[in-house]
Amino acid sequence: MFDLLMSFLTNTGYFFISQDIRYLIMIAVGCVFLYLGIAKQYEPLLLVPIAFGIVVGNIPFFKGFGLGIYEDNSVFHYLYFGVTTGLYPSIVFLGLGAMTDFSSLLAQPKLMLLGAAAQMGVFFTLVGALFLGFLPKEAASIAIIGGADGPTSIFLTAKLAPHLIGPIAIAAYSYMALIPVIQPPIMRLLTTREERLIRMEEPREVSRTERLIFPILGVLLCCLLAPTALPLLGMLFFGNLMKECGVVDRLASTARSAIIDTATIFLGFCVGMSTQADVFLTPKSLLIFALGAVAFSLATASGLIFGKIMNLFLKKKINPLLGAAGVSAVPGSAREVHLMGQHEDPTNYLLMHAMACNSSGVIGSAIAAGVLWSFNMMG
Amino acid sequence: MGLDNIALNNGWSQALLGASIVMTGLVILSIAISQIHKLVDFWEKRGQKAEPEPATAPAGTATTVSGLTLEVPDQCPADINQVADLYRPIVAQLGTTFELRELYQRAAQFDLPHPHFTIKCLRDAHILIPQGDGFFSWNQ
Amino acid sequence: MFDLLMSFLTNTGYFFISQDIRYLIMIAVGCVFLYLGIAKQYEPLLLVPIAFGIVVGNIPFFKGFGLGIYEDNSVFHYLYFGVTTGLYPSIVFLGLGAMTDFSSLLAQPKLMLLGAAAQMGVFFTLVGALFLGFLPKEAASIAIIGGADGPTSIFLTAKLAPHLIGPIAIAAYSYMALIPVIQPPIMRLLTTREERLIRMEEPREVSRTERLIFPILGVLLCCLLAPTALPLLGMLFFGNLMKECGVVDRLASTARSAIIDTATIFLGFCVGMSTQADVFLTPKSLLIFALGAVAFSLATASGLIFGKIMNLFLKKKINPLLGAAGVSAVPGSAREVHLMGQHEDPTNYLLMHAMACNSSGVIGSAIAAGVLWSFNMMG
Amino acid sequence: MFDLLMSFLTNTGYFFISQDIRYLIMIAVGCVFLYLGIAKQYEPLLLVPIAFGIVVGNIPFFKGFGLGIYEDNSVFHYLYFGVTTGLYPSIVFLGLGAMTDFSSLLAQPKLMLLGAAAQMGVFFTLVGALFLGFLPKEAASIAIIGGADGPTSIFLTAKLAPHLIGPIAIAAYSYMALIPVIQPPIMRLLTTREERLIRMEEPREVSRTERLIFPILGVLLCCLLAPTALPLLGMLFFGNLMKECGVVDRLASTARSAIIDTATIFLGFCVGMSTQADVFLTPKSLLIFALGAVAFSLATASGLIFGKIMNLFLKKKINPLLGAAGVSAVPGSAREVHLMGQHEDPTNYLLMHAMACNSSGVIGSAIAAGVLWSFNMMG
Amino acid sequence: MGLDNIALNNGWSQALLGASIVMTGLVILSIAISQIHKLVDFWEKRGQKAEPEPATAPAGTATTVSGLTLEVPDQCPADINQVADLYRPIVAQLGTTFELRELYQRAAQFDLPHPHFTIKCLRDAHILIPQGDGFFSWNQ
Amino acid sequence: MGLDNIALNNGWSQALLGASIVMTGLVILSIAISQIHKLVDFWEKRGQKAEPEPATAPAGTATTVSGLTLEVPDQCPADINQVADLYRPIVAQLGTTFELRELYQRAAQFDLPHPHFTIKCLRDAHILIPQGDGFFSWNQ
C-alpha cells in the first residue's frame, strides 16, 4: 500500500514539477497566451487552441506510459501526426481558399507585388540565421516566420527541421497575434503622413469568369515555377475554385466550416502541446524568437519600402501602408493598415485593398516556402 | 558562425535567388491576371458570335438538355408552370408545409437546373406561398 | 463452373451461419438493441450505431479476404483504429466539453463530491473482478464500467486490455441505456420519501470569468494529480474553454457538431462490429456483463449513500437522489433523478442540480481511469 | 549562384514539361473536365474535384522530394491513403445512405429487378476484358465500370488492381458525367414511342416501419449472400437506418453533410491527382476507356431490354425507360429517364420511379463488386 | 488473349454465375420487401391487441417513464402546463429571448420526450411567444 | 481466484488508494472552484482601481486599438455612424439584401470588434433594415 502510494505520488505532475520548474514556466506562458487571446482578442482562433495546448502539454508525466505528444502510440501523437506530415497546414489552406475572395486582388493586380515584396524579409532573415550559426535547414525554417503565415511555417519546418516545429510555430503565431503591437510603429516610422493619407480608387467589378480562371491560372503559374509549393497552393486554389465555380457550393461550404475548423483546432492544440518544456525551453528557442521578431519586422518594412519605391514609377500613387499588409497574417495586418489609414483620415477605406495584399502575401510566402524547401533538398 | 557560415551554405545566393524567384512568380501571375480581363472579353465576344450556330457534337441530346439546364437565368422562365411541374413530385414528398432549404436540397439532389433561381421564381409566381417562420406551402 | 459455384456458396454468410449459430444469436441481440434504441428511445445516439454495428459485424465471412474489423488492411480495421488507439473517445470528450455547461456545478461545488462518491463503485468492482480471477488489467477495465461513461471505458480498455473492448464497451453502453430500468429501484430502496422531497436552492448566477477559469483550473488540478487522465480531461476542458471563451465560437460549434458526431458514429459502429460472435460470445463476456451490472449498481448506491452521509454534516440538506446522478451516464441519470423527484413532488426541479453531479461524474471517472491506468503501468 | 540557379531551373515544372509533353496533355484534359463540370454542369460534385486534381497532379516535379501522390510521406500520399484502402468509398456510401429515400423502391419492389438487370453489363464487359487479354483481376475492375458507380468502382479496383485506380476511376466518373450524351441515343434505339409513353402508377404511401426495417433486412439479405459487399452495403444501410430511425437525426445530418462532403472532396481530388501523366498515359488506359464506354452502354441496354422482357409477363406494364436508370449513376440517369419521358409526354412523371431503379442499381453494383472480389480471391 | 484467355480464367463461369448471384440477391430482397408490408400490418394488429394488457417487466418504472416518453404524440397533451414545467428550467437558462433551435437542442440534450412536437404544442398554447426574426420568449 | 488473487495483485491497496485519489482530486477541485468566486471579485475590484491609470506597454498603439476592440460593450456606442462606416465596405460586397449571418461572417473574418453586439446596435439604429425572411438591407 505504501509502495503503491509512493509510486503514485512520484508519478504525479506535482512531483515532476517540483523536479523541473520549467514546466511551470511554460504553463504560465500558456496562461498569458490565453489572456491575450481571450481578453485582448489577439487572433483568438489561433491563440486559444495553442495556449490551451501549451498548458496541457506542460503537465508533466512519466515518460513511457504512452501519454505525451512525442511518445509513440499516444492519442496526442496520432493527432500530432497531422502536424509533422504537413496534413493540417494543407487542409487549412483548402479551407482558406474556400473562404478567400480574390476579387479585389484581381481588380488591382499590381498590389500583388506588395505581397511579393514582403517576402524579402524571409530572405534577409535566412542570411541572419546562417550568420548566427544555424544549420541551413534550420535557418530556412526560421526565415519563413517572416512570411507571417502559420500553416506555411509549420509545413516548411515539418519538412526541413521537424525538431523545431514547436518554437517556430509558436513564434510565427505569437507575432501574428502581436501584429497590433509590432506593425504600427514600423508603419509610422517608414511612411509620411502624406503617404498615409493617399486614397485608393474603388476597385473595378470583377466578373465571375475572371474569378473562376484565377485559381487555375494561379496554380499553374505558381507551381510550374515552384512545384514544391503544391501541397499548399494546390489546396488553396482548389478551395478557391470550389468557392467560385458556384456548382459545388455544398463542398465549398463544408471546406470553409467543418474541415478548416477541425484542422485549426487540432493544428493549434498540437502545436501548443509540442512546447513540452524539456524539449522547448532551450537557448535555441529564445534565439528563434528573437530572429522571428526580426523576420517579421523586416517583412513589414520590405513591404512598406517597396510600396514607396513603386510610387516612384506609378502615375496613380498607391498608399504605401498597404505594403505592411503584404506579409499576409490574414486578416490582422489588413486590419492594422485599415485602422492606421482611418486614424489619419476616417473617410479613407483601405480594407479591401489591404485584403488584396494580404492574400497575395499568402501566395508569396507559400512560394517562398517551396523555394526554400527545394534549395535545401537540392543542396 | 558568422559570414563564413553564410558563404559556406550558399546563403547569399539562396537569398538573392530566392527573393528573385518569389518576385518573378508573382510578377508573372500579376501580369497574367491583368490579362484575364481581355481574354474573357475576347472569348465572350467570340461566344456571342458562335452561339447562333447550333453546337457541334451531340445535337439532339444537347437540345433536350439545354432547354432545361443550360439557359442563362437572366429572368424567370415564361413557362413557370412547366417548371412547377418539374418540382411537383418533389414537393409532394415534402408534405404540406416545408422549409425552402428542404426543397432546395431535394432539387439539388435531383440536379434540377438552377434551383435557387427557380425557387425564387416560384415564389414570385405565388406558387410557393410563405406560411411564416420560414415554412412554405405549394399553391397548386 | 460447379467448382466456382460451390466455392462461392461456401463463402456466403448463410453457409458460415449454418456452421456456427452464434452469429445468428448476435444478430438477434443487435436487433433487440435496435428495438431498444429506436422504439424505446433508450440513449439512441449510442445504441443505434452500436446495434447496427452488431448486426453488420456478425454477418460472417471468410477470414483472409481483409474484410473484418480484426483483419489488417480492411476498411473496418482502419475505422476501428480510432477505437483501439483511444482517438475516438478523446475526440468525443472534446465535443462533450464544447457542449457541457458547468454553470450549475460552479454554483454548487459541493455537488462535485457526489460525482466522486459514485466512483467508489468502480473500486468495489475492481476487488470483485480480482476475486473472480480476472487479471489485474482486465479487472481494472471491467471496474471502469461502474464509471458509467462509454468513452472512458473504451479508452481505458484500449490501453489495458484491448482484447476486451467489445464486451466492456457493450456492457458500459447497455447499462447506460438501461438506466431507466436499473437506477429507479436502487433510488427508491436507498432513500426515504422525505429525502426525495428535499428541494434544492436555485443555484446562484455564475459569471463568465468563473466559467472561463474553470477549464484551466480543472485541467491543472485534475491532471497534475493524475496525468494519465490527460487524453480525456485535456480534451474535455479544451472543448469547454472553446465554448466559454466566446471568441472562437466557430471552432466550438464545429466541435460540438461535426466533430463529435463523426466520432460518435464511428465509435459506436466499430464497437458494435467488434462483437463478432467468434471472439465475443465467451464465458468471460458473460462474466463481464454480470460484473458490469454490479459495478453500475454499486456506483449508483455509492452516490446515494454518500449523499445521505453528506446530509449528516450539512446544515442546508441536499437531496440524496442527486447522488445517483454522480455516476455520469450523461444525461440519462440526471433525467432519472429529475423524474423521480417530480414523481414525489411535481414542483421539485432537480434537473440542473443533477446535471452538475452528472458532469462531475464524468470528471471523476476520467480521473479513476487515469489512476487505474497508472496503477497497472507502474505495477 | 549559377549552380543553384541551374539546379532550380531544372527542377521547375516548366523544365519537366519541356522534357515530357504528356503532362501538358493531361493538364489540358483537366481543363476540359473543368469546363464540362462548371459550364455544362455535368455532375459537378464529381467532375470539379477530379478535374482540378488532374491539373494539380500533372504539374510535374522532381521525384524524390516527397511531393507526389505516389511518393511515401507526401501530404498527397496520406490523402490518397483513403482511396487505396477503400475508406473514402465506404464513407461516401455512409453519407449516401443517409440521404437516400428508398420509399419509392419499397412501394414498387419489382423495380428492383431493373437495378439487377443493368449489372449484366458488368459481366458482359468482364468477358470482353478477358478477351482483350487483361488479367482476371484487371478485367473485373474494368467490368465494374458498367456498374456506373464511382465509389464502388474505386473500392473494387483498390482491392484487386490498385495500379489501375486512376484510369478506372476517371473512366467511371467520365461516363457518369456524360450520361446526358451516352444514354439518350440508346434509350431511343431500344424503345418504341409507345413504350416511352407508358405511365407509371403513383406509388403507394410507405410507412415509417417499412422504411426502418428495410436497411436491416437489406444488409442481412445482401451481405449474407455476398459478404464481400459489406464495406459498401454495411455503410450504405447504416446511413439509411440513421436517416429513417428518426432518433439520431443529428448523426444522420452530419453524415449527409460534413462527412460525405469531406470524403467527396478528397476522393475526387486524389483520384484526379492519380492521373499523373507518366503512370496514366499508357495504351492500357485507352483500352480501359474504350471498355468503360462499352460497359456503360451494355449496362444501359441490359436495363432497357430487361424492362421490355418484364413487360411480357406483367399485366400492369412498366415503362422500359426505367431500365436505363438501373445503372445507378445517381441521380443523372434517373434525370435522363425523366427528361426522355417528359419529352414524349410532358405530363408523364417518371422521376420517383427512376430514382427507385437508381437506388437499386447502387445496391446491385455493390453486390456485383462483392461477387467479383470474392471470385478473384477464391480463384 | 482471345477466347482462350476467357476460358483459362473461368470467364464464362464467372459471368454467368456472377450475373445469377446479383439477380438472385435482388430478387430475394425485392420479394422480402414486398412482404414487409404484411409483416408490419400483422405486427401492428397484434400490438393493438396486446396493448391493453400492461407491459411485463419493470412495471412501476415503465409507467413512470412511459407517461413521459413513450406515448404516441397524436395530439398535444391536455396537461400542457405540466409539460411546460419540464421546460421551464431549460428556458430559464436561455435568457429572455432565444431561438427555437437552442431550445430544441437543450431539450434534446436532456432527452425530454418528443421535443419537436412538444415545442409545437407549447407554441399552440401560447406559452412560447414569437418575438420576430426567429426569436421566441416564454410567456409564464 | 478468490481473496488470494486480490491480495496478490494489490487489489485492496489499489481500491483504497484509488478511491482516495479520486476523492482527493475532486475535493481539491471543488474547493478551488468555490474560491474562484472570490478571486474574480478581488481581481475585478483591483481592475477597477487599476483602470484609470493608462496601460503600461505600447501605449499609443494600444489606444488606437482599444478604441475599437477593447471597450466592454455594455451599451451601443454613441458614434454609431462611425461604426457603420467600418461596416459599409463589407456591406457593399454583400449586395443590396443579405442575411445577417453573412454579415456576421464577414465582420468576423475582418475581426471587427464585437460583431454580434455591433450588428444589434446597427439594427437598433435602423441602419440595418429587416426585409423579411431573414434578409436585411443597409439604410445609408
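Per-chain residue numbering starts at 1, and chain names A, B, C, D, E and F are given in the order in which the chains are listed.
Please note the rule applied: a contact is a pair of C-beta atoms (placed from the backbone, for glycine too) under 8 Å apart; a residue touches a chain by one contact, two chains touch by 3 or more.
Everything numeric in this text was worked out from a predicted model, so none of it was measured.
Farthest from chain C in terms of Cα centroid separation is B. A comparison of the C-F and A-F interfaces places the larger number of contacting C-beta pairs at C-F.
Farthest chain from chain E (centres taken as the mean of C-alpha atoms): A. For the pair chain A and chain E, the distance between C-alpha centroids works out to 46 Å.
Centre-to-centre spacing of chain A and chain D amounts to 39 Å, using the average Cα coordinate of each chain.
Centre-to-centre, using mean CA coordinates, chain D is 31 Å away from chain E. Within chain C, contacts with two or more other chains are made by residues 4, 8, 41, 225-226, 250, 257-258, 371, 375. Chain B has residues 10, 12, 14, 16-17, 21, 134 in contact with two or more other chains.
The touching residues of chain C, counted against chain E in their complex, run 1, 4-5, 8, 40-41, 43, 99, 101, 103, 180-181, 184-185, 331-332, 334-335, 339-340, 343, 346-347, 349, 351-352, 355. Touching chain A in their complex are the following residues of chain D: 4, 7-8, 11-14, 17, 27, 31, 34, 37-38, 41, 44-45, 48-49, 52-53, 55-56, 59-62, 64-67, 73-76, 78-79, 257-258, 261-262, 264-265, 269.
Looking at the complex, you find that chain A touches chain D at residues 85-87, 90, 94, 159, 212, 215-216, 219-220, 223-228, 230-231, 234, 237-238, 241-242, 245-248, 250-251, 254-255, 257-259, 371, 373-375, 377-378. Per the touch definition, chain F reaches chain A in the complex via residues 10, 12-14, 16-17, 21, 57-58, 60-61, 64-65, 68-70, 82, 85, 88-90, 93, 109-111, 113. Residue ranges on chain A touching chain B, taken from their complex, read 105-106, 109-110, 112-113, 115-117, 119-120, 122-124, 126-127, 130-133, 136, 139, 207, 209-210, 213-214, 217-218, 221-222, 225-226, 250, 360, 363-364, 367-368, 371-372, 375, 379.
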